[in-house]
Structures are given as C-alpha cells and as structure tokens.
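Which chain is which? They are A, B, C and D, in the order written, and residues in each are numbered from 1.
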Amino acid sequence: MVASLLIAPLVPILAGIALIAGDRASRVPGRHTTYAIALCAAVIGALATGYAVFARPVLNVQWVPAIGMRLHLSVDGISAPLLVLTAVLGFLVVLHGRHEQPGGGTPGTYFGCLLLVTGGALATFLAQDAISFFLAFELVLVPMWVLIHRFGDPHQPAERARAAAMFILYTVLGSTLMLVGILALVFASGTSDLVALGHGTHLSQGTQTAIAAVLLIGLAIKVPMWPLHSWLPRAHTVAPTAGSVLLAAVLLKMGTYGIVRLVVAPLPLGMARLAPVVGTLAVVGILWGGLVCLVERSLKRLIAWSSVAHMGFVMLGIASGTALGLQAALFGNIAHGVISALLFTVVGGLKQRWGGDDLHVVRDALRDVSPRLGFALVVGFAASLGLPGLAGFWGEVLAMFSAWGAADDQPGGWFKGLAAAAAVGTVLAAGYSLRVLRLVWVGGADKANHVHPAHAGEPLPAANSPATTVQRFADAHGPEWIVVGILVAAVVAIGVDPVPVLHTTDAAVARIFAGVTR
Amino acid sequence: MIHLSLPLALVAALFGIGLYGVVARRNAVLVLIGVELMLSAAGLLFVTAGTTMHDPMRGGQVLTIFLITIAAAEISVALAVVVAVFRARGDIDMARAGEDE
Amino acid sequence: MITTGSIQPSLLVVAFPAAVGVLTLLLVRRSRRAAYAIAALGGLLGLLSAVWLLSQQMTGDAAPSPRTIGALPTGGSFAMPLHLQIDALTVIVATAVALVSLVIQLFTRWYLADDPRYRVFAATVGLFTAAMQLVVLSGDVLLIIVGWELMGWCSYLLIGHESDREKARRAAYKAFLVTRFADAPFFIGLIALAVGAHSTSIPAIIAHWSTPGHATALSAALICVICGVAGKSAQVPFQDWLPDAMEGPTPASALIHAATMVAAGTVVLSRIVPLLEQSDPARYVLVVVASISTVLAGVLAFLQNDLKRLLAWSTVSQVGLMLLALSILPPGATPDLAIMHLLSHAMFKALLFLAIGWLSVLVGGTVVPRMSGALRRHPSADTMMAVGLLALAGVPPLSGFVSKDLIVDEAAHRGAAGDGVARIGFVAIVVMVALTAAYCMRAWLILDHRTIAERRQAAQTIEDSHAVQEVGILEMLETSAPVDARGHEIRPVEPGPEAAVDELEVEEAEAARRPPRPGRSARWGLATLTLLSVVGGGLALAPVIDVDWSNVNGWLIAATLLLMAAVALLVRVMSLGTIFGDAAARVPQAVRNSGLRGFGADTAYVNLVGRPVLALARSVAALDDLLDRGVRDLASDAWSLSLRGLAAHNRRPTTGLLALTTGLVVVGVLGVALW
Amino acid sequence: MTTHDVFFTIVGVICAASALLSVTTKHLVHAALWLMVALVALSGCYLVLGAELVALVNLLIYVGAIVVLVLFALMLTRAPIGRSHEHDTSLAQRAASMVLCAATTALLAAVLISGLGNNAVRVSAGSTHTLSVQLFGTWVWPFEMLSLLLVAALVGALAVSRLPNAAIARTESGEGS
C-alpha cells in the first residue's frame, strides 16, 4: 500500500499544523482534545511507518519537472531502523506530554510542534530525492526552535533565547552549506535521485572531494562534530524534555543519515580523501566530550556532552571506510537515539522534581527515593558507558574494530591510533557515568561532602537543617513510567540481540560498498 | 558630416560635471543644478543618437522633449520642497539633512 | 549426539544464571523468600547444566562450538560468528564456577538476612555468574569482551552494595575505573588480534597468528591483552582496587575472588596460550608482572590489619602464581597447570571467604582485634578455616599443595632447561611460597589466639584505621582547589567514638537477631567446598587434566615444605607475646602503616592519573568555553560592525552619496574592464 | 574636420566650460547664471545637430523657466550675495568628488565612444513637420500622459509650498523621530 508512505509523514504534519492553527482560532480547543488529537496522529503515523517498513512500498512520480524533482518515497535498510526509531519516539514524546507539559505556550502549539518535528523527520528518512530530502530536513528546524525558545526552562529566559538563537543559526548555516553541496552534487552528477546517487557517481576525485567537504561541514554541524558542537549543550540544557529527546534522538540522526546518503554513497573517492580528517575530529570529539563530562555540573548538559562523544564513535565508524564501520555507525545511531531518549526522559523528570539539575547539590540516594527512576538512570548510564548487553556497546566496539581495520586506502597506522584513543574515550565514559551514578543514584546525603566548592570552607549545616532534609517526591508512574519502561526495554533488547538491527542494514550497506568497487 | 566622438565626449563631460555638482555641493539648490546638468547630458545623448542614426519615428528628439518636460516638473516640485524645508528648518544644508534636530 | 534438539547445555550454563538476574528483577517485588527461591533454583539448574555438559564432554558428545545469538552481519569480509568453544578445561572451570556461585547464593540468604536490597544482590550475583560463564565458554573475542565488561559492572554493583557508606561508594568507583582503564589496552589487543585474522573467532585467530611473520605485531597485541588481564586480575600496577573491594559484602568478595572476575584473566590467557607461547616479549612482560605481583601481594597480605584484606592480597598473590604458570609454558603445551591451580584456588578461597564472613557476623568485624581468638569462641567454623588456610599455604595433601607444587616443579624443570622466563618465575614462586606460609600461619594464630582480654577497648581505637585511604577521586572531580588545599588525608567526616560504639552495638544486635548459623543448604555447600579443597588435588589424576604428575622432583618438594615449615615457625615465634597473637605486630609501625595503604598505590593512582586527567578535563572545559565565547563574540562583532557601518552611512548624506556613487562607478569600471 | 565639427566644438567647449563654472563657482547666483549659459550653449549644440525644435524647446523651458525658478528659489532661501564657502563640502570630499567625476566622465566616454564608434556620420534630423507628425501621431499617448504628469507636479508643488509652517514642522519632526 503506497498510501502508507504518504500517511506516515503527512498525518503528523497536517495534524501539527491544524493544532497550531487551532490555537489561533477564536475558540481554543481544550487540553484533552488537543492531547487526544496529537496522540491519534502520532499513532497513525507510527502505524503507517511500521507498515511501510514492513512492506517496503515505493512511490516514484514526477513532482517539479522544471528542476528534475521527483516525489520519490521508499524505505530501505538504512532508513528502516531510523524510521522505526523516529515513529516510536514521536509517539512516546506525545505520550510523555501528558505527564510533563511545559508552560510558555498553549498545549496546541506544544503538541503541534512535536508532531511537526516527528513528521518532518519521517519525511526526511522516507525521501529518496536529494531536493525533497533537504526540504523535509528544513521543515524540522523551526518547530524545534519554537520548542526550545518557548517551552524551554522557565527559570532562564535569557539563556533560553540565546540557546534557541544559537541552535537555529548553527543549523541554518549547516543547511546552507548542505544546500550548496546538494546542488553541486545534483548538477555535477545530473540526477537528484538518491537511489541513483547511491550507486556512486563517476566524478573526478577533486570534484568529489570539494563537494564532500562542503556537505560534510554542513552535516557535521547537525551531527554535531567537534568543533562545531557548541550549540548542542546549550540547546539541550534549556530544552523541554520532549524537545531534548527529539533533538538527540531524531535531529542528530538526520545528520549522520545525510552523511551516509549524500556523502558516503555518492562520493566514495571524496570521502576516502577526507576520512582521516573526519576520523580525527571524531576522536577529538570523543575525548573532548568525555573530559568535559568529568567536570560538568549540570546533569542535562552532561548528557548533551556525552552525546557529542557518542556521535564521535558513529563518525569514526563512517570514517573508517569499511562496511563494518558503516554497520557500526548505523547501529550506533539507533543505539544512541534510544539511550539518549531514555536519559533525557529520566533527567528531565528529575530536573522537574528537583527544580534544577546541579550535580553539586547534595541529594538523597535516588535508589531509595525513587527506585524506578533510579533503575532507569542506571540502565541509561550503563548503556552510555558501553556496557555489553545494553544498546551502546555494539556500536562502539564495532566502530573500534572498524577503525583498527580501516580501508586499504586509508593511513592504517593513523587509524589504529584513533582506535586506541577511542578506547581511552570509553574509559572516560565510564568515569563520568559512574560519577553521575555516585552522586545521584547512590546519593551523597549521608555525608555533606559534595557541597558547592564555595561553601566548602563554611561550617557544614546540621543534619536536620532545611538544606539537607529528605525531599520525597513521587516516583515515575503513569505515562512517564510507560515511556521510561519502553525505552529501558528497547535499550536492553537492542543490546542483548543486535542481530536484527544489523541484519536490516546489512544488505543496504553491502550494496553501497558493492557500488564502490574500486 | 560630424564626428560622433564630439557630442559623445560632451555627454560624458556634462554628466561628470553634473555628478560633481551633486556630490560636492551642500546647498540643495546647487545640487539641483547638478541634477539638471546630468539630465541635459541625457538629452544630448538622445538627440545625438536620433539625428546620427536611422530614426524614422524621431524617437531621439521626441524623448528629449519629454525629458525636458519631466525635468521641468521635477524641478518645480523639488524647488517647492526645498523652499518648504527652508521654512521649516532655516537652512537647506544637505550635509545636515537627516540629522536629528 | 545425545543433545536434545537445539538446546545446548553450554547455553543453559550461561542462560540460567542470567535468568536469575532478569527474573529476580522482573518478578520479585518485596518477597525475600521468592528472590531466594529463584536464586537458589537458578544456581542449582546452572550447576546441573554444567554437570550435564561435563558428562557430555567426558563421553565426547558435546558440541564443540555451539552458536549463540547468531553471527553478526558485518556487511563485509569480517566474520563475527559469536560461537562458544567447548573443551575439557573450560567445562571443568564452568562447573567450578557454577558450584561456587550456587554455594554463595545459598550463603547470602543467611548473610544478608536483614538487608532490604537482598533481591538486587541476588540478581547481580546471578548476572555476574552468567558473565563469567560466558567468558569461560566463549570461543569468540567479542563474547569475551561482553562477559568481561559485564563482570566489571556487576563487581561495581556488588562492591557498592552498601552504598550508604562513602567507603563502599569509593571502592566501587575505584574498582570499576581501574579495571576499565586497563580494559582500554585489552580491547585494543583483542581487536588487533581479531582484525589481523579477519575474524573474531578464537580458533581462526590462533590459526592466523600462528603462521610466522608477524612477531612484533603479535607481541604488541599480546602485551595489550596482558595489560587488561593485569587490570581484571589485580596485578601490578593495577593491584590496588582489589583490597578496597573488600568494602562489599563478604559473599560478593568470595564471588569476585574465588571463581569469577579475578580468575577471568587466567581463563582468557589460557584461551590464547598458543599465541603467548610464541611471543617471548609477551612472556617476559607477563612473568615480570606476575612475579612482582605475587611477591608484593604476599608481603602486603602479611602486613594487613584486617583478615578480609589479608585474603584479598593473598588472592592477588595466588592469581600471580596462575599467571606465572601460564608464562613458563613451553611452546605447544596446554595451560592445564594454571587451570588446575585456578580450580583449587576457587574452592579454598571461596571457603575461606565464606568462613571469614560467617565469623565476622559472629564477632562483628574482620579487623585483627575482633577476629583474635574468634575460633576459640565460635569453634563451629574451625574445620573450614583450618582446611582453607592449609590449602592456601599448600600443605600436603590438600588441593593447594598439588596444584602449587606442580607449578614449582614445572618452573624448576624449565629453568634448568635454560628458559630465562622460567628462572625469573621460579625465584618469584619460591619467595611467594614462603610468604604464603607466613601469612597463613599468621592468620591462623590470630584466629586461634588465647588471650582475649583488652580486646574490646583496643577495638574501638583501631576500628576505623584500616580505612581505604580516603582520597575521593570523585571529590577531586568536583572540586579543584579545596582538594589541593586540604591535602589528601584530611577527612572531616571521621566518625566520632560515639558513632563507633553505636555501630558496634548495632552489629551486635544484628548478630543476635540473626540465626547463629547459616541454613542447612548453605552449610551443606560449605561442606562440599571443604571436601573439594581437601581432595581436589586428586583432579591431577583425572584424565581431563593433562599434567605430568608422575615424575615430579621429590627433593624439590621436600625443600619447599621445609622452607614453609621454617617460615611458619618463625611466624609463631614472632607472634609470642603480642596482644592479639599477631606476628605482624613485630614489624616496624611505619612499614605496617604503609602496607595498610598498599604502599601508597592509591595515592599514586590519584596523583599520576586522577589529578592530571582532571586538570586536563578542566582545561578542556575552559577551552571549550573559549570556543563558545568565540562563537558568541562573532555574533556581537558582526552586530557592532553593522552598527558602525550604519553610523558611517547615516552621518552625512553627502558622504553617503559619494560612497554610493563611488561604488557604482567602481562596479561600472569593473564591469567594463572585465567585459 | 567638417564644418559641423568646428561649430560643435565651439558651442560644446562653451557649454562644458560654463557647466563647470556653474558647479564650482563660489557665488550662488553666479551658479544659476552659468547654468543658463551652459543651457544656451547646449541649445546651440542641438542646432548644430539639426534638431531645431528641441533647441527651441530647450531654450524656452530651461532657460526661460527653469533657471528663473532656480533664481527665485535661491532668493527665497536667502542665499548670500557674494563669495561664500558655506555651500561647499569639505576639501577632501571635493577632491574625492573630483576624482569620481573624472572617473565617471572617462568611463562614460570610453563606453560611448568605443560602443558607438568615431565615424563621421551625416546629420539627418529631418524636418520639423515630420517631427510634429510623429509627436502627435505615434507618440501622442505618452505626450498626453506627460501633460497629466505636469499638471500633477504643479498641483503637488503648490500643495507643498502652501503648507503652513507649523504643519511642516510637525511633519518634519514626525518623520524625524
């Protein structure tokens, strides 16, 4: 049923527009109505996506003949896992909105923006035409800006505005470069069809390198890669929970997906030329993110930084230029999406309960105060440090494998060094993950030695003073617990049996590298 | 018979001089004089083109007449504005126009 | 094939303990009884599967390489089959692991009778066992890494079980970080081996690297692997996490020390021993690391003020012995000696830890002053204790004697044949034998001490002196200047004397509430361990273990026994007249204090690794701020530039006009010139 | 060098020189008068080129109307009599303007002469009769539109100049703020 290809992105998008428009109507729809509509749209989108992933229909008709743009939607092995991830997360964030619906705007705008982001991301992953891919990509940015700017942390309006501005400026800069690169690619190769491009183009190495460089810089902003990352921690820190989840789990994935689709497949020679640089920057990102996490005080920022590190592993896999590396990258993509979604959900809930996310504030052990959130936090950070049996492990270890055995046309010694540095990055990951668990999960309330350094010299408050009294708050339940539970289950399931995901991407990856026989 | 370069050189010279008048003068009326010179240069170019080339519809001369008419309209409005500005501000110094009083 | 369908006992060996972990977490909410039932049943089924596998192996019916979750699709020429690999040695080790784990599960029920988090503990033990079984049975380096890391994580959870104490939190953090630090080269070593062979399957790796021609790469990779092994097995220079890990509950210590985590290094190295035998540099590194560890740990064990920590250091020493046994192997030999010692060590060390745990519950602590004379008052555990210590010391005919003296004999044999590695190993082993005898004798004398007067008063003062040196890596993570300014020893949170008294009373009260003896099943398990510790040496006669026991050098054995006797006598003499019967009291106080801190290894970790990394992290964070500020300044710079341009345009209309026309003319000139 | 050339050179030089004087003179009123000279000379140029009607119209409208208007405006704005430097910009700007105007002249001359060539061509302006036939035949609609424009401009000029002082001040300040 070809219609599922259209239903999957269009229903969320149209519902999103309708909800936002409904807010401007004279009679604003109620909260429950809004919620119900949003949930229905998300479920319909998810079901249609599921069907499309299962049945793999193809839609390919003329759209704008003047510029050779076609309406070409289909699903292949590379996009299928990302589609499922996006659809499920789109549903989960709407569900989560029942629990936490930030102020700053009406529910209609909030859910509308969530649906727009989801629908736009689905369209991005479905599009098989470079121009429409770009259009769908851009569709996501503005609702995300609204989410950050209007629904972000209510305590820091100035920081919120700055973060939102930085997000939009950075990503639009990336988009501009990406557009230039796409146009150059399309005009140089004569087709904008990603399937045709996926078989490789026959451009000279110089041309390929130039186009690949422009595209890589543009997409590296979205991934983000060091040193173009500085919008990410800011945006994550103030974004609402659902915004953070979508940002980390969907938007970042669109960047790596774009790299695979637009650079790795069509421009193998250019990618091979640039791979050492990409790999080096990726590893610098791994170490940089890990080190900053060791001293970061804000919990949400810390997770954002760890995202920088994890995306470094993904980029390292891509840079290795091997099929194994690409497999690792695609798997790492999915794994990071699930893990960061889980972590942001949990930490967003904690921030809401604590009224802040400063790690240096002494709190009671989370494992006692709220066991469910504590458990989810442990699973999330264990996955984040790359514990086997959880999702994060396979992507990272396979990325290291691929870097050590990088393609023959790459400097092997250099890549071996990169693999070793990435291994050091896993140690840093363990360091910061356990640091957070030690501060939050097992708590520091029994001994007041985690106070702010400025207070370290002052006499410690008595055990019963208000600063250290036990703050009981409700454990996760209802929609929040459902969301967290599903994510935990996904993290464990992907980690225990990675074969289905890898199997899905296997054929597509093999096809890319078959086209590259050189 | 006439060598084309002579009228064309005069066109260029008049335009340049008019431009100098516009740029280098501060009095609004003198600026307008520069504008008139530039318009005249245009008119001369029209006539030169019309009389030295094939022009069955006499476009060169007709357009020059139109140009003179428009110049008259323009300068009447412009001078009215200048006078009004002088009455409001007490001077017609272009270098101070647009400054906050 | 007797195997029923596709169910392989080897998979069940891994699956049952894992199921304990998962089911306990999923199904059990409050009930301790249910958690216990699941844990015990799962442990028992795991043991039965192991026995089933053993019987298959004996009859030759076992599948040599059963598949697990299927090969990983790698999109290319890289093979990741993820198969297990079953052979005689691994099956026996798996059986031992299952047995020890089951006994520990049974014992924990009694030991943690009042603990509200018993459920989690039991689940973690299950998961831990599964991870170890995976490492033991794995035929694929990727599976080894999986099990290896899972064990690290479980050890973190177990050591930090009593997380309301800062010491436990720090010990857990330290254990995981130190081992993870060593794992980085371990990963790289295994990855290098696998990438070279284009497969992660161990047989393929061995086949590929056994061909001559890449000696340097092989040595480098093996040294990396040895680094990781040293980390997990707490060898020099990563040794210091293990004694701190004693902060965990005693069953956890028993599990970590006896059969699982610490021994995993030996298991992994014995998997790739054909490669190790080909690389002399790697063997040298291994023998040096193991020799230093085994001797240093022996000395430290003698100096400890806490019997649990004494046992911990003895573990380091014994694992060093196993690694020595691996390093002295000639090409073509099998690692049976090391595995043999691993098995006997698993039995007696589990026995010792559980017995110490039992006693500590009865007397309320494991420091020397409390333990002094414990067996006199609670003689129920004395058989176990005696057997365990004798086996540890290597007194005939107990299991420790057989396995240890086989190694001594092999080292002497090889050393005489001119192998430099074996000579180094032999010297280290002899020193280590003497030291083992010394600390075993010391422990026994303390436990069996007659005078118990004045114990109570001294206990309170010494109670907390055995602390982990309290330099929190975490505190340093958070604060920079205060730590430096404070110096590393100052702890504002020293519990006062009142608190200590309270603690003692609470412990006494707990001890009173709890039944004085473990349950029947736990005692049965302990008895089994005791029995195996006594007769385990007989395994050398079994056909599955390939050791040359028939022509050992009798004189050599007699000489070592004589040495041990002399040392024991010396220790006895030293202990005379001390308050607690502690021979170490004769050692100068400065040496003892230093020994209590592992000769300052923790400080070295903090100063050599912790602080530089944190300083680096802070400077990186500052750099990133700079980067960020640069980006933000870009915006404000652009803004001010535009303002300035705006002002330039607004100031003088004539100037603006001039600029505009100039621009037009320039463009015109350019256009004409270029056209 | 034809006769036309000679005559054109004479009136052209007069025209250019007086135009130059009109934009550089220090006397305000002289500027208007020099402009008149320049325009008269320009009419001469038109005559040489054979466009008698244009020359006449130029003389009538420019010299007869516009220059008078300019003179009136100068007087209404109380232009100082005699030399004054008030109405010139700074020396630097004048120098820059000089360079600019020279560049413009050179650019235009280069473009026009290189574009149209320096051929000696016959002047064929045709009779005034044909011009008037064309003007009121082919070009009649633009012509009518122009008359409308002229009326509108006159009305506008009247409206602007008849605004009372207060209203002008209000609009000025309203726009300025």
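Everything that follows uses one rule, which is that a residue touches a chain if its C-beta (ideal position, glycine included) is under 8 Å from a C-beta of that chain, and two chains touch if they have at least 3 such contacts.
In UniProt terms the chains read B = NADH-quinone oxidoreductase subunit K; C = NADH-quinone oxidoreductase subunit L; D = NADH-quinone oxidoreductase subunit J.
Remember, it's a predicted structure, so these values are computed and weren't measured experimentally.
Nearest to the overall CA centre, using the mean of each chain's CA atoms, is chain A.
Centroid to centroid, with C-alpha atoms defining each point, chain A and chain B lie 64 Å apart.
Distance between chain centres (mean CA atoms), chain A to chain C: 35 Å.
Rounded to whole angstrom units, the spacing between the C-alpha centres of chain C and chain D is 99.
Distance between chain centres (mean CA atoms), chain A to chain D: 68 Å. Across the assembly, chain C contributes residues 654, 658, 661 that each touch 2 or more other chains. In chain B, the residues that touch at least two other chains are 19, 23, 26, 95.
By the definition of touch given earlier, these chain pairs are in contact: A-C, B-C, B-D, C-D. Contact residues on chain B toward chain C in their complex (touch as defined above): 19, 22-23, 26, 94-95, 97-98. Chain C makes touch with chain D in their complex at residues 654-655, 658, 661-662, 665, 668-669, 672.
Here chain D touches chain C in the complex through residues 89, 93, 96-97, 100, 103-104, 107, 110-111, going by the rule given at the top.
On chain D, the positions that touch chain B within their shared complex are 2, 4-5, 8-9, 12, 15-16, 19-20, 22-23, 28, 31-32, 35, 38-39, 42, 45-46, 48-51, 53-54, 57-58, 61-62, 65-66, 69-70, 72-74, 76-79, 86-89, 93-94, 97-98, 100-102, 104-109, 112-113, 116-126, 130-131, 134-135, 138-139, 142-143, 146, 149-150, 152-154, 156-158, 160-161, 163, 165, 168-169, 172-173, 176. By the touch rule above, chain B contacts chain D in their complex via residues 1-21, 23-30, 32-34, 36-37, 40, 43-45, 47-53, 57-58, 60-62, 64-66, 68-77, 79-89, 92-93, 95, 100-101.
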